[in-house]
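So that you can tell them apart, the chains are marked A, B, C and D in the order they are listed, and the count of residues begins at 1 in each.
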Amino acid sequence: MNPQNPSFAREVEDSFTREPIMKLIGARLSLVEPGIVEITLPNRADLLQQNGYLHAGIITTIADSASGCAAYTLMPAGSNVLSVEFKVNLLRPAQGETFVARAEVIKAGKTLTVVRADVFAMNEGEERQLVATMQGTMICIAAPE
Amino acid sequence: MNPQNPSFAREVEDSFTREPIMKLIGARLSLVEPGIVEITLPNRADLLQQNGYLHAGIITTIADSASGCAAYTLMPAGSNVLSVEFKVNLLRPAQGETFVARAEVIKAGKTLTVVRADVFAMNEGEERQLVATMQGTMICIAAPE
Amino acid sequence: MNPQNPSFAREVEDSFTREPIMKLIGARLSLVEPGIVEITLPNRADLLQQNGYLHAGIITTIADSASGCAAYTLMPAGSNVLSVEFKVNLLRPAQGETFVARAEVIKAGKTLTVVRADVFAMNEGEERQLVATMQGTMICIAAPE
Amino acid sequence: MNPQNPSFAREVEDSFTREPIMKLIGARLSLVEPGIVEITLPNRADLLQQNGYLHAGIITTIADSASGCAAYTLMPAGSNVLSVEFKVNLLRPAQGETFVARAEVIKAGKTLTVVRADVFAMNEGEERQLVATMQGTMICIAAPE
C-alpha cells in the first residue's frame, strides 16, 4: 500500500498526540507503517471491569484508534479521519501485563477505508494471545480546498 | 420482561461499583429497570479524541456496560455476564455536556441475550441527540452449582 | 423525514423490480414510505437451511434490500444506493408461513445513511415474532452532474 | 486445529447437502479441512441486484454457510450448528464469473465459535479479488445425551 502523503508517519503521531484519552489510559503509538499501526497499552487496575479483565470498551478504544491511524497513513495530507462503525468480537478474557492493538487496512478507498484490528494480551515469557478482533470502517474528511 | 432475581437492582449496582473503569471516566448508573439500564457520563476534556469529540471507545465503554447491566437484570441470581460481541454505528460527532447510554434487551435467552444501546448527547436547553447506536450479544455465565 | 425526491415511491419500486434476486426468492415490496420500507417473503422449501429454518443469508437478503430501499426513499432523484456494511443478530429459529423485513432509517446523511431492519416471522392466528435484527450503513452514489 | 470428530468431512458434506437454498442458488462445497471451508458459486443472472452485482444477501448466504461449516468441522459428532450473528463489509462491486467464500475459524469454543469469511470474485486470467469480508459467531447445539 502506497501512502499519498510522504509525511504520513509524522501526521499520525501528531494526531495521536492530540487524543487526550490516549494519555488518560496510558496508551502509546508503537508502530506506524503504510496501512499498519500498533498501539500498546500497559495493564492498569483502573482500566478493568468487574472480573478483573480489561474492559471491552478500553479494548475497543485502542483498536479504534489504531484503526483510524492505520487508515490515516494512506489518506492525503491535511485530511481528517473519523470512525463510521466497527464490530468487535471478544474472544477470551483480556488478562495480561500489556495489550497491543494491531490494525491493518483491508481496503483503502477515496472516502471509506475498511480496517481490521486484532488485540493481543502479552505476559512475559508467554506467547501473545488474541483476545479480540475488530472489523470497522473509517471515513476520510478531505482537507478544505 | 420479568426478572428471575428479585434483587436484580442491587446486584447490578454492586457489579457496576466493581468496575474500576467507570470510576476512572466518571460514569454513574442512572436507571435500572428489568431489561433497561442507563449510564450517565459528564463530558470531560481527557475523554476526547483529536477533534474534541467524545472518543468512540468511550462511547462504546458506556454502551457496553449499560448493555451488560441490562442483560444482567434478567439473569438468575449469582450469575455473571460477559460481552460476546457488539457493533457500533457512530451517527454524529459526539459533542455535549453530558452523555447517556440507554440499553434495552431485545431478546433474553438462557445463555445469550441480545441488547441494543443508544448513546445520546445532551446540552442544556436542547433536545438530546442520538450520537451512536450499538447492537450486541451478552453471555450468562451461570453460578457454580 | 422529508424525501428530497417527490417520485421516491416510484423510484424505489423501479429499483426493486430491477433486482432479479427478489424474483428468484419470491419477495415483494409491501410498504414504501419516507424512510420506511417493508419487504414480504412467503416461506418456501427451497429457501431453507439444514434444520428447516429460513437461511440466515435469505433473512439478510430481504433485510438488506429493505434497508437499501428505505435509505433510497430519502436520497435525491437519480442517485443510486449501495450497501457498505451490515450486522445481523439471529434471535430465534426463522419458522413461519411468511416473513417481513421492515427497515427504518435511523440517520440520513448526504453520503452515508444508517438503517435498522427487523425481520419478523408470521403464522396465521399468531402474533408476529422478531427473528432477526440488522444494523447497517448504505451509501448514496450521486447522479452524474 | 484438531477436529474432535474423525468423520467431520462427511458430516459437513451431509449438512451442506441438506441445505435446499444451496441448491437453489447453485452453490457447492469446494474445500473442507479442519477449521476451513470453501463454498463456490458460479455467477448467474438471477442472483444479482439492480446494478448487475451479486446481491449482498447472496454474498452473505455463501459466507454464512461456509462459516457454519468451518465451525462445524471442529464440533463433536452429532452436534448441530446455528448462526448467532455476523457482520459483513462490502468492499467492491461483486462482479465475476465465479465467487468463492472461504471461512476460517479464529477461535473455537465449547459453545461459541468465531469465524472469519472472505468472499472473492474470480474472472478467468485475472487475480481473484476480495469483494466482502464477514466476522461472525456460530453456536454449537450439543447432541442430546
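Here is the rule we go by: a residue touches a chain if its C-beta (ideal position, glycine included) is under 8 Å from a C-beta of that chain, and two chains touch if they have at least 3 such contacts.
None of these values were measured; they are calculated from a predicted model.
By count of C-beta pairs in contact, C-D exceeds the other of the chain pairs C-D and A-C. Ranked by how far their CA centres sit from the centre of chain A, the chains are topped by C. Remark: rotation between chain A and chain D after Cα superposition is 180° (nearest 5).
For the pair chain B and chain C, the distance between C-alpha centroids works out to 28 Å.
Averaging C-alpha coordinates per chain places the centre of chain C 22 Å away from that of chain D. Distance between chain centres (mean CA atoms), chain A to chain C: 33 Å. In chain C, the residues that reach two or more other chains under the touch definition are 84-85, 87, 89, 137.
Listing the residues of chain A that touch chain C in their complex gives 84-85, 87, 111-112, 137, 139. Contact residues of chain D toward chain C in the complex are 15-16, 18-21, 23-24, 45-51, 55-58, 60-65, 80, 82-90, 93.
Interface residues of chain A, counted against chain D in their complex, comprise 87, 89, 91-92, 106-107, 114, 116, 130, 133, 135, 137.
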